[in-house]
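See the structures that follow.
Here chain A shows up in two complexes: once beside chain B, once beside chain C.
Up next, the complex of A and B:
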């Protein structure tokens, strides 16, 4: 390509130059897309939103680290993990929109819902940095807990009665296991590192722990969707086992459960979020809401 | 006579142009009926940003070859594995300085084991052949690659990570 100005070269291309399209043309082929009989479609939509929002919101948090991580390789690592999670979120939100049947696609669900309509767990949304409210150690502890929980959840979801969820889980599981190993290796490096890195890991565990218990509470939707959804209360012993192995190698102590701070019995799965969520949603949606229909 | 399959098999990967989509195992199926072509591809990773580009490249190549109606579908199941990269693809990767993945084999049932220390994998240097190489970064320039360095020729190189 010949050009005087690098920016001109970027726009002097046919549209196909951009690999980062918005919207899948046919994302869910190769699997049976019928809603299984005996499943309430409304519940299935809600469940797909729960899983999709977990991935979408953590992806948004991790992307904020790109160019702010302690080393260049880690900028790339966290951005790559964010990209995997975003890919999972796109599939899950697309499935939610398809089952709902009201014409909402992944973009409408990501950009045009208000804070109270998001169904992610609090662990995904809390601000673990960069910047005030967290640091790299906190981000690693959050990622370790989140991906250990997701690995346990997705490995069971592979057997879901919904073929789309089963396929998304089988694919995503390999990615999540790689994320978990990455976080675990950092946890050991920092926990078993210098006095300062150990001190920060201990503080990070304290910061993250109040949001762990929520991961194992079954929401009414999950309870009604037996056979399709994974019962979160079944995951605790597997996750504890993984965390114990990491914490032991890292010289850290796993705190006991801290009861979830429910508001009138509700938490993230019900759309009740922490203070940090509104700021995150505003930043994530700002461009799309200011310039409706904007595409790359 | 050139078939639609043969044309689709020549289309290259946008991010690893030394490989065709067939070498990479991303091209799953090509079927033809009444001049209409249906191509099925599968993404390497859930968030692979190149998947739309792959579809566009396939449509372009087949349209240029005279197929008026081309449909490209993305299939999620079964999930892509590096075991689908062909022997020819592995050879081409090595020739271009990228270490191919080792074979993963069939999955074992049960919980996914945790790797607390980086697995002591033997990834030979694609440039000098030395077995003494170390991992520099678990994530590379694309979702499917990690970064390593050879202890003998001191060159860094990319490695397609096994999934």
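Up next, the complex of A and C:
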């Protein structure tokens, strides 16, 4: 690197100049993108949106911690988790748009759908902080539950009849296992740490638990997509087992299921959300929508 | 004895070798370095806020990922730099307290607001560009841990600069509203970016001793000139102008002539009365104070785990 002229030092460098090189390849390079003939395309689109929206919306929530975390290391870790989830969301929304075949790309799906067209579970969208909606404990409990559930879901999804979903799951599983590990370590520290941290963890579990039951409720789309989608009702015992181990180490008690009534039988997977969702979507979409035709 | 050590120190610095943490160094050198590196670390951490302001609203998922990764890099830079101060005997927690009590400064540029998404591009291009001009010479600074941290930081900053410029290029190819947004952002950030090099040399109190110690390698005015010269062709290629009627090529000097920023505004912002000073510090203070129970819990858990290990052993 030449130090005499700052600008020269920045251009036309060999790859070794960059920490990770410059030769990035597409994450799903070489994966067959044909839709298997046995699969109902409309259902597959809906399912990709469900999974993609789970990741996108939780990413949006976690990114809000950036510059507000308790330690710099945690600013970095939560941003990293948000980036992993955003990466998963982009692959899944792209797949949804491609199978749909109407020319919608990841941005059309993220920015131009209305709240009722989002298919994520409520657990992803509720406000767990920073700010009045929660605190670091609530964020950790939500992340622990979400990532434990996603690990169980993605490990089965690796065998999906849709080759793209299988590939997304294989890639995402490693990331989610790290997220789960990170959340579990914090859960133990906070559950065990001080009286205050323990009290906050108990309150966080109370806050999050009403949103857990929905995770194991099979939507009609998931039921119809046998072999492609994962049946969420099969995941409960695995997730409970993981949570029991963490809760025990943290000195916390895992509540039993708290079945929460849906709205006329509908919840996140059907596009019926909590009151918090409208604000999240409005903030996320406002700039994209206010300049139609702009390129970014 | 101290004379011998001092002579060895002077010789090491004069011969362009590096001073390492275990080496003897004058107290003033240590204090100056801690102040300078801490100020740089604080700038990275406060700098997360103006850009963090747009993560939730980034207008495409690709731009959201780029911006989030960039702000994350800034946290990483802050972390390395605080670690470099710790090799000089400082403590990260104490430095953070000094920042939120207003006893240590950070780069004044972050006391300006980010009003549109074009600001994300302009901060990358101009603000990171000016930071690179300031920082590339520091890769040769006399204190080893600082110099090595700066090499890595400069590589990442240069990546951010290219990303910022690429965003602006893309916006300039978009709609008229986007082109207007870019020009507006350039108009607002140009003068503050020139101020990033500090006051004119004749008013800069720290320059002379820092140059002799090879902590600082170029004067403020030299670096400012270099920055203006390198920014002009980039602006032309982008299709924007800088808001300075005096800015023009001077063939005799082989450099651009340019006007002076409003130094009164500069001193006002440095003095704590910029558009966002109190907001930035309050944000950092709130994060630090809200996180206190988490840090205490982590420490308490670690202490319990240590005790039970010792009990077993």
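Methods note: the second predicted complex is superposed on the first by the 263 of 296 C-alpha atoms of A that agree within 3 Å, B and C clash if a C-alpha of one lies under 4 Å from a C-alpha of the other, contacts with A are read in each partner's own complex, and residues count from 1 in each chain.
One rule holds for everything that comes next: contacts are C-beta pairs under 8 Å (C-beta built on N, C-alpha and C of every residue); 3 or more make two chains touch, one makes a residue touch a chain.
Fair warning: this is a prediction, and the values are worked out from it, not measured in the lab.
By the document's definition of touching, of the two partners only chain C reaches A:193; chain B does not. Judged by the touch definition given at the top, the superposed model places A:110 against chain C, while chain B stays out of reach.
In the superposed pair of complexes, A:288 makes contact with chain C only, with no contact to chain B. By the document's definition of touching, of the two partners only chain B reaches A:242; chain C does not. In the superposition on chain A, A:87 makes contact with both chain B and chain C. In the superposition on chain A, contact of A:136 is made with chain C only, not with chain B. Contact with chain C, but none with chain B, is seen for A:60 once the two complexes are overlaid on the shared chain.
By the touch criterion stated above, A:73 is placed in contact with chain B and with chain C alike. In the superposition on chain A, the residues of chain A contacting both chain B and chain C are 19, 73, 76, 80, 83, 86-87, 90, 188. Touching chain C in their complex are the following residues of chain A: 1, 3, 5-7, 9-10, 17-19, 56, 60, 63-64, 66-76, 79-80, 82-83, 86-87, 89-90, 93, 106-107, 110-111, 130, 135-136, 188-190, 192-194, 196-197, 200, 283-284, 286-288, 291, 293-296. The touching residues of chain A, counted against chain B in their complex, run 16, 19-21, 24-31, 73, 76-77, 80-81, 83-88, 90-91, 151-152, 155, 163-164, 166-168, 170-175, 177-178, 180-182, 184-185, 188, 238, 242, 245-246, 249.
Against chain A, the residues of chain B that register as touching in their complex are 14, 28, 40, 42-43, 45-50, 52-53, 55-57, 60, 72-80, 111-112, 114-118, 136-141, 143, 147, 161, 163. Interface of chain C with chain A (complex): residues 45, 48-49, 52, 55-65, 68-69, 71-72, 75-76, 78-79, 82, 117, 132-133, 136-137, 139-140, 151-152, 154-156, 158-159, 161-162, 167, 170-171, 173-175, 177-178, 226, 230, 283-284, 286-287, 290-302, 304.
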